[in-house]
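Okay, so subunit A shows up in both of these, paired with subunit B first and subunit C after.
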Partner chain A sequence: MTIHPDPSSEARLGALDRIGEIGYPTKRDEAWRHAPHRALGELTFGPPVAPGIGVPAELDNQIPVLEGPRVVVVNGSVDASLSNLAGLDGLRLSSLAEVLAERPEQVAAHFEQGDSGIADVFVALNVAYGADGAVVQVADGVVLDVPIHIVDVGLPAAAQNATCTGVLIDIGVGSSATVIETRVGAGSEFGGSNIRTTIALADDSTLEHVLLQDVPSVQVHLSRVDVTQRAGSVFKARSFNLGAAYGRIAYNVQLAGTGAHADLSGLFFGFGDQTLDQQVNVVHAAAGCTSRQTYRGVLDEESTGVFNGGIDVRPGADGTDAVQSNDNLLLSDRAAINTQPRLEILADEVACKHGATVGQLDETALYYLRSRGIAADEARRLLINGFADQAVDDVGIETVRAWIIHRLGHDHA
Partner chain B sequence: MLHVENLTAAIGDKPILKGVDLDIGEGEVHAIMGPNGSGKSTFAHALAGRDGYEIGGVATLDGSDLLEMTPEQRAAAGVFMGFQYPVEIPGVNNMYFLRTALNSVRKARGETEVGARDFLAVAKQAMELVEMKQDFLDRAVNAGFSGGEKKRNEILQMAVMEPRLAVLDETDSGLDIDALRIIASGVNALRGPDRSMIVITHYQRLLDYIKPDFVHVLVNGKIVQSGDHTLALHLEDHGYADFVNHDLDDAPEKPLTGAPS
Partner chain C sequence: MSEATREIEELTEASYEFGFSTDLDTDVAPPGLDEEIVRLISAKKDEPEWLLEWRLKAFEAWQAMEEPDWAKLDIMPIDYQAISYWAAPKQKPVLDSMDDVDPEIRDMFDKLGIPLHEQKMLSNVAVDAIVDSVSVTTTFKATLAEAGVIFCSFSEAVQDYPELVREHLGSVVPVRDNYFAALNSAVFSDGSFCYIPKGVRCPMELSTYFRINSQNTGQFERTLIVAEDDSHVSYLEGCTAPQRDENQLHAAVVELVAKDRAEIKYSTVQNWYPGDENGVGGIYNFVTKRGRAHADAKISWTQVETGSAITWKYPSVILQGDRAVGEFYSVALSSKRQQADTGTKMIHIGKDTTSSIISKGISAGNGQNTYRGLVKVMRSAENARNYTQCDSLLLGKDCGAHTIPYIEVKNPGAQIEHEASTSTVGEDQLYYCRQRGMTEEDAMSMIVNGFCREVFNELPMEFAVEAQRLLSVSLEGSVG
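Entry: the complex of A and B
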C-alpha cells in the first residue's frame, strides 16, 4: 500500500488554527465594512454535512442548461449523479475530494497559506473545511469550445447552516477555456455558502470565467476568486451578483507575468434589503500588463451596493495600463451605493484611470421614449434593462446571456 | 386639425410662451422661425407634453384636448416630435425601440400589434427613405450616432409612426448639406393630405428644401408675424432685428415693409 504525501492536510489543520487567531471581521475592516456582521457570526461551518432538504428536482430550471462537462456540488460535496465528469481531449475534470485523495500535490497551491499566512477568516474556513468541489485541469495547447459548468447548491441544514466549496482551475500554456460557475440554493432557512476559486493561468492562456450568484434571498453568499496570471495570459471575469441577503464576490488578481491582461466586468442588481458587495483587487506585479474593471450596479427598494475596487501597481510594473469604472443606477431614494476606488501606484509610466457615477433614471430619456408612445412604466423598464444589459453583452456564451436576461426579467422578442 | 389658442408656458415664475395662437389645417406645413430663446423649442415640447412647464391656454388635435394628455397619449393621438437633441439610450436596441413604439401606439388605439417579420418590412421602407443601412437598426438608440445619424433616426421614427402631426424641432441644426438634403427629402416624402407638420428652425436654409405653406415668426414667446414662405426669405436678408430691437410686449404691432401681410 502506497501512502501519498498530502501537503494540503497540514495546511488545512493550520487553517483551522488560523480561524480563531484571525477572528471575524468587524465594521473597521475596510473590505467588510458593509457586511452583515451579526449574520456572518450566525453561520456555522464544519466538514460537509448532508443537506437539510433534497436537491430541488427542478434544479435545471434554476441554472443555465449547458451541454458538456459539469460538476454539481451540493452542500460542499460533489453529487456524482448530477455531474458529468467525463473529460474531453485536453481537459481533466475531477472532484476535489478525489484529487486530494489520489494526487494531492496537484492542488497543494489552493491550500497554501502564503508567506504572511491567511488574513481572511473565510479563506481560513474554506481551506480548513472546503475539501471537496471541482478541479478543472486544461493541458497545454488546448482550445476548449465547450464551456465547463460548475454548479454549487446550498441547502442549509439545521445542524450546520454554512458550507465550504473549493474550485481550482488550471489553464495550460496557450490554452483557452470557458468556465461558468453558478451558485444557487433552495429552502427558506438561513444559511450560507463560502466558495473559493483559485485560478492559475499559464503563459498565453485565456479563460472566460462567468460567475452567476443567485442563491435564495435568506442566505449569505461569500465568493472569493484568487487568480494568478502568467505572461501574456488573458482573464475575463464576468460576475452577476443577483441573489442572497448578502452576496459578496471578491476577486484578487495577480498579474505576475509580463503583458498579462485582466478584464473584469460585472453587474449587481439589488431589490428588497439585499446587500451586494463587490471587492476587486488587481495587483500589477509585472511590467506591461493591462487591467479593466467595469462594474454596473442597479439598486432598487432598500438594497445596498458596494464596489470596492483596488488597483495596486507594484514597483517594477512599469508600463501598467489600468482602467476602472463603476456606474450605478439608484431606482429608489432608500437604495444606497458605496463605491470606492483604491489606487496604489509604485511604478513608472503608469496609466491609471478610474471613475464612478451614481444616477437616477434619465428624465429626458424617459420623456423621449414616452413621446414615442411608450407608456411610462414600460419606458422605465426599457431604460433599466438597457443599463443592465450592457454588462450581459460581455458574456460569450449565448445560453448564459439568455439565462441572465431571463433572470432579470428582461426577456423581449 | 391643430388648434392652439393663447398657449402659455412657464418654468416656475419665468414665462416663456406668452399666448401663442396657431391653427393648422389638414396637410399643411407651417414653419416657425425665431431667434434663440424666443420659445420655439418650448412650443414644441408644450405640444409633445414634456414635464416641468406650467401650461395654460388651449391646444387640441382633431378636437381632442392635448394638454390633458400624457406624452404617450399624445403620441397615440398622432403627435410626433422630432427632437433637436435626440437622446442616446445605450443598451436599448434601435429596432426593438421602434417596434415597441409603434406597437404601443397601435395598442393604445385598439389596433393589432405588428409582428417582428412585418415590422422589418415597415422598417426597411423607412430606412430607404433616409438612406440608412440595416446595421442602423441593430445599434443602440442614438448611442454613438453622429449628429446627422441622430436626425435621420428621428425621421426614420416619424416614417414608422406615421403621425397626424409632426413637430420637427431644429431638425436642420448641426447638419451638413448632404445630410440636410437626405432629411428634407425624407420629410417631403412623408407630406400628405392627412399629415400636418410644424417645422421649427432658426435658419431659412431648411425651408429651401421643405417649402412651408405658412411661416410664423416667434419672438419673446409670441407669434409676431405670419406669412407665406417669402417671409422666411425676408428674415434671411434682414435677420430678426426688426422684431427684437423694440419691446414687443408694449409696442403696437406694425406691418413690416417688404413682407406679405
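Entry: the complex of A and C
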C-alpha cells in the first residue's frame, strides 16, 4: 500500500482506513513480541488537542539546556514561544505544520510509505495524525557546529491520551550536523507518544543523531526512525532508552549508496517494571557499505530489556562489513533480557559478525573494590557506570553527556 | 569467471550419487488421511487399545492445528490427502540370520556402502535397517541383550515392552507440540526403541539406517531412547534416499530421556534426496527432536545435514535437572535450491546447567541456510551457562545465509555468550594455498573441511568418515 504522495490531510487520513486491515500487533508479530499489547490497545489517538498549553515547570530539570536552534513540540503541536526557529547559515528550521501548508512537496517522502507499505498500525496513525513537528533542512556544503535540539513533550489528557509527532531531517551533499531529540512528558496518567523521524542523508553528508527517551514511567513511548543514506554518507545514532513503562526505539536504516556508513549505539537502563525495547534493522542495499550496532542494556528490579537487531545484506551488496553486538547486565533476579541478533545475508564477499552476551556484576571486581575501602553500594555503582559509560562517552556534546550521567546517577544514588 | 567460482559452480551442480530406486513389492494404503487410516495403521501393527487412542487424540489435535509458516522456507503447499500413510514390505517369514534378508535389500545397502553382512565383523555396530515403514532385520540383539540393553523396532517395543513405551512415549514431545509432531503421533509407522538400564554403558554404538523406498509414502518414524540413571549410549542415525520426482514428506519425532547422570549422544548424517537443480522432487524433512536431561545428565546432538529439499529441524534439550548439560553441533549444507531452517533450543530449568551450540552453515548454488535457535534461561536456572557460535560460509553469489538466534534470560546469574560470523572463501585464501603448492581442489576442500572440523570432531569415527564423504559428494568436483 502506498500513501498518496500528496500529504494533504485527506490523503493522510486515508491511512486510517488501513488500520483495520493491518490490525494491532500481537505476540505473534516478531517485532512486537515483548510489547504490552493491552496497554497499546488502550492508547487513543486523534488530531492534536489544545496547542500552546506550555511546559510544566517540573520538566525544567529533565530537558538538557542547549543554546541555539530549537523546536519544542507539546502534545503534537509546535509551541512557537518556546522554540527558536531562527535559522543559521545553511540551516532552515521549520514546524512541520508550516511546511505542510506552504511547501508540502518537501515533506511528501515522510508521508509516502513506498512499496514496502506501512510497517505497522502506529506508522499509519502517525501518518494520519502526526501533522506537526520539526523539519530540519541543511543545505549542501554546510558544516553546522551548533546542535539542533528537538524537544517533544507529552502531557496525556483523559479524552485523548496519545500524541503523534513527525520529525524530518534532510542533510545536503557534503554537509554535517548534529540533532538532539529529547522526549519527555509529565503527569501520572497513562498515555503515550508516537514519534516518527525520517532522515535523508545526501552524498557524503554526516549526521550525529542523539535520542534521549525519558518519559514518565506510566507512559508508553514509541519512536521510529527511518534513515536513507546515499553514497559516502555517515550516520551516527546514539539512543538512550530510559523512561516509560514501555519504551520502544526502532531504527530502520537503508544503506542505499556505495560506501555509506551507519554507526548505531544505544543504552537501555531499566528499573521497576519497565520494558525497554530496541528494534534495529540495517539494510545493506549497496556495495561497500559498513555498519556497526553496539547496544548495552542494564536491567534492574523487575525490568525487561529487548534487543531485536538485524543486519540484512541484499543481493549485490558485495564488500559489506557489518558488526553487531548486544551486551547485557542483569542486576536483579526478577529482571529479564530477550535478545535476538539477526543476520540475513544474500550476497557473498561479505564479512558480518554479531555477538550477544548476558551476565551479571563481576563478584571478584566488587570484592576488589570493597577491599580498597569502597562501600558496597558505591562499588556496585562504579561497575555499572563502567559498563554503561561506553555508550555515554561516545556522545560528542558535553551538555548532553553531562545530562545523561546526571540522569543515570540520579536514579542510582 | 575465476577458477574458484567455476569450481564452486561445478561442485554445486554435482548430481545425486545415491539416486537409484529398488523395486520392492509393497503393500500401500490408498492416499488420504482420516480417522479410518489412523485405525488401519494401528490395526496393521496390531497395537494395543491405549496406543490407538493416543494416535486418535493426536489426529484430533492435528486437525485443529495450522501448518507453521514462520520458518524462512519457501514451501510448495503440501496436500496431506495426496499422501499414502502406510506402506510395508509384503509379509515374510521371521528371519533368523542375515542370509535370510531379501537379496534385493542387501544389494541396496551395498550400493549405499553399508555392507550389512560385514557389519558384525568389521564395525561392531548393530544396525536396525528400516525399509519403508517396517523393520526388516535387527542385528546384534544377543550382544545387547547380554548387557540388558533393549534395541528394537518401535513396533516390537510396543508388543514386548508396552509399559516402557507407554510411560515415555510423548513425555518429551507431547502430541500437541507442533503441527508435524501431531501428524507423526497420529500416523507414525515405525522407528527405533532403545532402553539402557541403570548403570549400563552400551557396549556398542547403536545405528539405524532410514531409507525411503516407496513413492508417495510419507515416512513418519518415531524414535524413543530412554537412558536410566548412570547409563551411557551413543546412537547413530543416517539416511540416504533414492531419486524421486515427487516431493516426499518426512516428519519424524525423536524423544530422548536421560535420567540422573545418564549420557545420550545422538549423531545424525542426513542425506535425503535434495531435488534436482530446479528443486523438484526433493524430500521435505520436518523433524521434531528433543531430549530431557535430568540431574547431572548430558544430551549431545550432532548433525550433518547435507540432503533434503527442505529441512525444518531444531534438536532441543530441556535441561531440567541441576547440572544437566546440553550440546548441539551442526553442519548444514544447502546447495542447488535446497532450503534449511535448522538450529536448536536449549531450555535451562535446573541450577548450574550448561549448554553449548556450535553451528556451521554452508550455502552454495541457490541454497538458503538459516540458523534459528533459542537459548532460554528460566528464573529457576541459577548459574546457567551458554556458549553459542554460529558461522556461515557463502560459496557463490545466489545463495543466502541467515542467523536468527533468540536469547531469553530471566535469571541474573546466567552467563550467555553468542557469536556469529558470515564470510566467504576468499580468493586470497585460495591463492595462499595455491602458493604452497596445493591444487585449487585441495585448497577448497581444506578450507571447507577446516570450517566444519569442530563438528566433525564430535562424530563417532565411522560417521566422521561418512560425513566428510557426504560433504564431498554434495560439493563434488573440487572438494574432498
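Here is the rule we use: the second predicted complex is superposed on the first by the 390 of 413 C-alpha atoms of A that agree within 3 Å, B and C clash if a C-alpha of one lies under 4 Å from a C-alpha of the other, contacts with A are read in each partner's own complex, and residues count from 1 in each chain.
The working rule: a contact is a pair of C-beta atoms (placed from the backbone, for glycine too) under 8 Å apart; a residue touches a chain by one contact, two chains touch by 3 or more.
Just so it is clear, the structure is predicted and the values come from calculations on it, not from any experiment.
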**OP:** Overlay done on subunit A, so just call it for subunit B and subunit C: clash or fit.
**Re:** fit
Original post:
Is A:39 touching the first partner subunit B, the second partner subunit C, both, or neither of them?
Top reply: neither
**OP:** Classify the contacts of A:348 with the two partner chains as first (subunit B alone), second (subunit C alone), both, or neither.
**Re:** second
Original post:
Does subunit B (first) or subunit C (second) touch A:55, or do both, or does neither?
Top reply: neither
Original post:
In this superposed model, does subunit C or subunit B come into contact with more residues of subunit A?
Top reply: C
Original post:
Can A:405 be said to touch subunit B (first), subunit C (second), both, or neither?
Top reply: neither
**OP:** Return first, second, both or neither, reflecting whether A:358 touches subunit B, subunit C, both chains, or no partner chain.
**Re:** second
**OP:** Once the structures are superposed on A, label A:336 by its partner contacts, choosing first (subunit B), second (subunit C), both or neither.
**Re:** second
**OP:** Tell me which partner A:88 touches in the superposition: subunit B (first), subunit C (second), both or neither.
**Re:** neither
**OP:** Look at A:371 in the shared chain and tell me whether it touches subunit B only, subunit C only, both, or neither; answer first, second, both or neither.
**Re:** first
Subject >> Lowest inter-chain C-alpha distance for subunit C and subunit B in the superposed arrangement, angstrom >> reply: 16
Subject >> Contact residues of subunit A, present in both the subunit B and the subunit C interface >> reply: none
**OP:** Sort out for me which residues of subunit B touch subunit A in the complex.
**Re:** 48-51, 70-72, 74-76, 80-81, 83, 86-92, 96-97, 100-102, 104-105, 108, 116, 140, 157, 161
Original post:
Okay, in this complex, where on subunit C does subunit A touch?
Top reply: 377, 379, 392, 394-424
**OP:** Could you pull out which subunit A residues touch subunit C in their complex?
**Re:** 315, 328, 330-360
Original post:
Across the complex, what residues on subunit A touch subunit B?
Top reply: 362-365, 367-376, 378-379, 382-383, 385-390, 412-413
